[in-house]
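Both complexes shown next keep chain A, but they swap its partner, so chain B is in the first and chain C is in the second.
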Partner chain A sequence: MTVYLVRRILQALLVVLAMSLIVFIGVYAIGDPVEILISPDADQIERERAVQALGLDLPLWQQYAVFLTKALQGDLGRSFVYNEPALKLILQRMPATLELAFGATIIALIIGLPLGLYAGLRPEGRFSRVIMAGSILGFSLPTFWVGLMLIMVFAVYLGWLPSTGRGDTGTLLGLQWSFLTWDGIRHMTMPAINLALFKISLVIRLTRAGVRETMLMDYVKFARAKGLSPARVTFVHVFKNILIPVVTVVGLELGSTIAFSVVTESVFAWPGMGKLIIDSINVLDRPVIVAYLMMIVLMFIAINLIVDLTYSMLDPRVRLESKGT
Partner chain B sequence: MSDAVIPAKIADKVETPFRRFVSEFAESKVALGGLVVFIIIALLAIFAPWITPQNPYDLAELDIMDGRMEPGTVGGAGFTFLLGTDDQGRDMLSGIIYGLRISLIVGAGSALIACLIGASLGLLAAYAGGRTDSVIMRLVDLQLSFPTILAALMILAFLGKGIMNVVIALVLVEWAYYARTVRGTALVERRREYIEAAQCLALPTHRILFRHLLPNCLPPLIVVGTMQVARAIALEATLSFLGLGVPITEPSLGLLIANGYEYMLSGKYWISFYPGIALLITIVSINLVGDQLRDVLNPRLKK
Partner chain C sequence: MTAPTLEVRNLQTYFFTRAGVVKAVDGVSFSVGRGKVMGLVGESGSGKTVTGFSIIGLVDPPGRIAGGSILFQGRDLAKLSEEEMRDLRGNRIAMIFQDPMMTLNPVLRIDTQMIETVKAHKKVSTEEARQRARDTLGMVGIPSPDERLKAYPHQFSGGMRQRVAIAIALLHEPQLIVADEPTTALDVTIQGQILAEVQKLCATTGTSMIWITHDLSVVAGLADDIAVMYAGRIVEKGAVSEVLDKPLHPYTHGLIGSVPSRNKRGEALRQIPGMTPSLLNLPLGCAFRARCPRASEACIAEPIMAEILPGREARCIHPHLDASEAA
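Moving on to the complex of A and B:
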């Protein structure tokens, strides 16, 4: 187990290193680093001073070393637009993105599980067919367009929900959260539903497949034969067993939800990390872009690592297989 | 498949694999409908200059006085704007049909290039095995562990905007799907006798790969390819909507939708709504075709 752990962590570190090299090459080698890292408003003297300060006169491998050491110290440059450390900007926006992603995940479970359960129990029913057709739409509709349609219907025509921004926020643990105020929740509803759409479809399909498989199991037949009520069989014997894989997959999807919030945040002008990166790309605020990419890469590798380690703890086959090779 | 299932009218003809494929595909009316719709969309896109009442890229034909007209208004040039106009007085119907063109070219083009690269690498991985295989598959794993939108954002952040860069981004994001699919099939196929026979004949490797192995890996590749075209179109629209895609002078569907965004809040829905519907119909029709292809080409579902 320890061998596997060490190997897996080493592997993750290697990927981090590789990704940092890719980001470095992307910024320093493909583009012109002077143009990328120094504000276009700077004059000649400022420019030269910055070139020296950033070490851009050094050979490329030394520059990479400087970039790495600074990154390890949490210094990923300063934003041109906000004139603040890029990392700090991103961390400030993170709570907004996280609460949106968690909100979407909860919505996906609340809507997806019952629908999937129904479709699994009555696979030939008319309503089940409607649910499954709907889930295909959920997979193929572009998120941003659905977001626009939500705004059109609920904000413009019906006027029920606000279309942009975060609304009032409450303070918890020194951070601002929208879900603590009624106004904030109203603002969060549409973006969270929009972000949840894809995941609702996923949960429906997983739950349906799980239910159909579980219904054929011997222990379900036995529970029925014992004369338990159908409700008890469904919710205790079937539902509990399919919950584990569904929750695992949804947890795994959290990373991609955070990534896809780029689109939702842009549509609803939700001030999270995703909106920040799109704005930064549009005004070429490159330090922020670099910082965002490094952060998200780290997050992904961390999530993948945690998942792999958890699996290897739960499933001994994974451990044994890696020992064999 | 037994002869009894074949409809009587074609049973007396010689049954070629292609004919069987067509008749199996046509069993699903929904998929057939999807195919017909997609063909119509493709024809509209190809013959756009002869169909549209206006050339939406020719600024001389646009009249700013016609801006933001409701669907059905008659414009200054004398024809009716069936789907209204955008802020620059561009006929939405013409804009959508030209936009379809760009969306389809970018989507199909990137899917094709990604297919060439991915399928070659997948074949190589399966055929060569060993170190080559593990290096290629590690790359595939790395690529697939990141969400597509993120990888595309990363690439566009480095390369900048523009239609070529969007295609590059889409290709880099998509090749891994093809590589994984082809490798999976090729691993099974390469153990078959005909590959052994080809090797015994001492045929050159590239000939074995592309003339013997590849044709037998085609069915899953076609399915993945169809789905990926739809995905590429959706992704391109998303990137263009975010302002990272095609240039504003020749808007694709995503950019048309983005242009209408601010006007939608004041109730002028048609600028965003109709391009969105066009995008939707395109994606859904391709997916319907892909779904049926998967059922027909999947040997496990064979009756």
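Moving on to the complex of A and C:
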């Protein structure tokens, strides 16, 4: 187990290294941030001073070497735009995005699992057909449009929920969280539902497919032949078997929501990381982009590890051992 | 003679599909006495498994029991509610499935799967249930049952898994066990062990058994009576020794002839020509007519099940009566 974990962490570090190199070169290839950052009126001397201050006068490999040395000391560089440490910028925005993503995932599971289960157990039922048709909508409606509609209905016409910002926040572990205050939760509701919509559909479809497949298995028939109650058959024998694909997909989805919930964050003016990264890309703020993507890689690796650990809990046939060489 | 444990009368189990009504079981009657083993033999698709599922009340839609009765200790199972049926399942009537690799839930421990069965029918503490599970595992010949209870199914071999499944079936000392080809997926040696075990259990506990199989050699060694099914109907039944020695129905005759060990070395293996007819589209009259070497014009009329010799019934107009013709 320990060997397994150490191996996974080493792999993670390699991926992060490769990632930083690719992003570094990629951003360099896109364009010269100096053109965007410095006003066109600036003269040659001012220009050169700025270039030197940002370290952009060095050749690319030297810039990368400098970055890497500093990164090993925990310094991922300063933002060209805000002149603040990139990591600090990202961490400031992180709680907003994290709570939104987790909120959306929890909503997706709470709504998606029961509906999927129902649709799987009664595939021919009328309500099941309604669920499945609804899930197609959840899949295909564009997020930004749904977001705007939510704002129009619940914020403008009905006036029930606020449409922008995080609202009041409470402090936990030195970070600001919206879910700790009632006002914050009210602010979070709409963006979380907007993000959850696609995930609900995904969970419904996965659960339904899993249930339909599992119901045909001999062990389900055998469980019924043992005289178990239908509830026991469904919630113990079937449910535990379908959780494996659901956990995988929800884990990956959680990762991509944290990393790329740009659209929803923009629509609801939610001050999360998604907005930060888009702004940074626009002005080629390389330290922020690189630091952000490295964080995201780490996060995906962490999520995958957690998913794998969950597997071994759900399925006894999965054993987390390093393959002997 | 006491009343039989199970008496099936004119059982009809139909599947109402879009393509039409499939009469998977069409007028099957037989009975099983206390402590007796009845072999239900037939090709794939002959309706033997559906008969088994009908008895235990697990025919899935679009199938349902369309007619007939299943008298179990005087109660008609076909008329019981799902709730009453569930009370009998795994308790008074148990079932063993064909593929031991598939019958145990892969993500639940053996003890979970056994204890839940005990508790489904008896109000006992988990500790007592575990005790019962352990004793039963020991009874079916699983070494160190205490340890094995904590294992997951994938840690067992196929033969061991089937023993676990049999142990689960035996937890409540049922009066009737429906065994659907339980040894087909196993090695011959394991098969022999399991058969011996089952035979011993039936003899000591007085449990009756329906042994569904396509393997005549298994039936020969194990069963008291035999019923041969073809296209949803029983075509011949009687005491196992008599039927196998001197089959009346041409189909039984052909089945016995198809057992490879009965052929001489170097000779082409004997077989029954043709295929089982589609249950959606049965030919008029005798269903076996098209494959039967003895068929005649008369077979267009539906043959009925008749007592052709004392204690021997067959559904045929031209039964093999002449001893010299025996396979």
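Everything below uses one rule, namely that the second predicted complex is superposed on the first by the 229 of 325 C-alpha atoms of A that agree within 3 Å, B and C clash if a C-alpha of one lies under 4 Å from a C-alpha of the other, contacts with A are read in each partner's own complex, and residues count from 1 in each chain.
Following the convention adopted for this analysis, contacts are C-beta pairs under 8 Å (C-beta built on N, C-alpha and C of every residue); 3 or more make two chains touch, one makes a residue touch a chain.
No experiment lies behind these values; they were computed from the predicted model shown.
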Touching partner for A:Val283 - first (chain B), second (chain C), both, neither: neither
Partner chain in contact with A:Leu10 - chain B first, chain C second, else both or neither: neither
Partner chain(s) touched by A:Ser163 [first = chain B, second = chain C, both, neither]: first
Which of chain B and chain C A:Lys240 touches, first, second, both or neither: second
Partner chain in contact with A:Val262 - chain B first, chain C second, else both or neither: first
Touching partner for A:Leu60 - first (chain B), second (chain C), both, neither: neither
First, second, both or neither for A:Val249, with chain B first and chain C second: neither
First, second, both or neither for A:Val130, with chain B first and chain C second: neither
Residues of chain A at both interfaces, chain B in one complex, chain C in the other: none
Contact footprint of chain A on chain C as seen in their complex: 56, 58, 86-91, 94-95, 97-99, 102-109, 116-117, 120-121, 152, 154, 165, 168
Parts of chain A lying in touch with chain B, wherever the complex brings them together: 15, 23, 26-27, 30-31, 136-137, 139-145, 148-149, 151-152, 155-157, 163, 255-256, 259-260, 262-263, 266-267, 277-278, 281-282, 289, 293, 296, 300, 304
Chain B to chain A touching residues, read off their complex: 142, 145-147, 149-150, 153-154, 156-159, 230, 234, 237-238, 241-244, 254, 257, 261, 264-265, 267, 269, 272-273, 276, 279-280, 283-284, 287
Residue ranges of chain A in contact with chain C within the complex: 217-219, 221-229, 232, 236-237, 240-241, 314-317
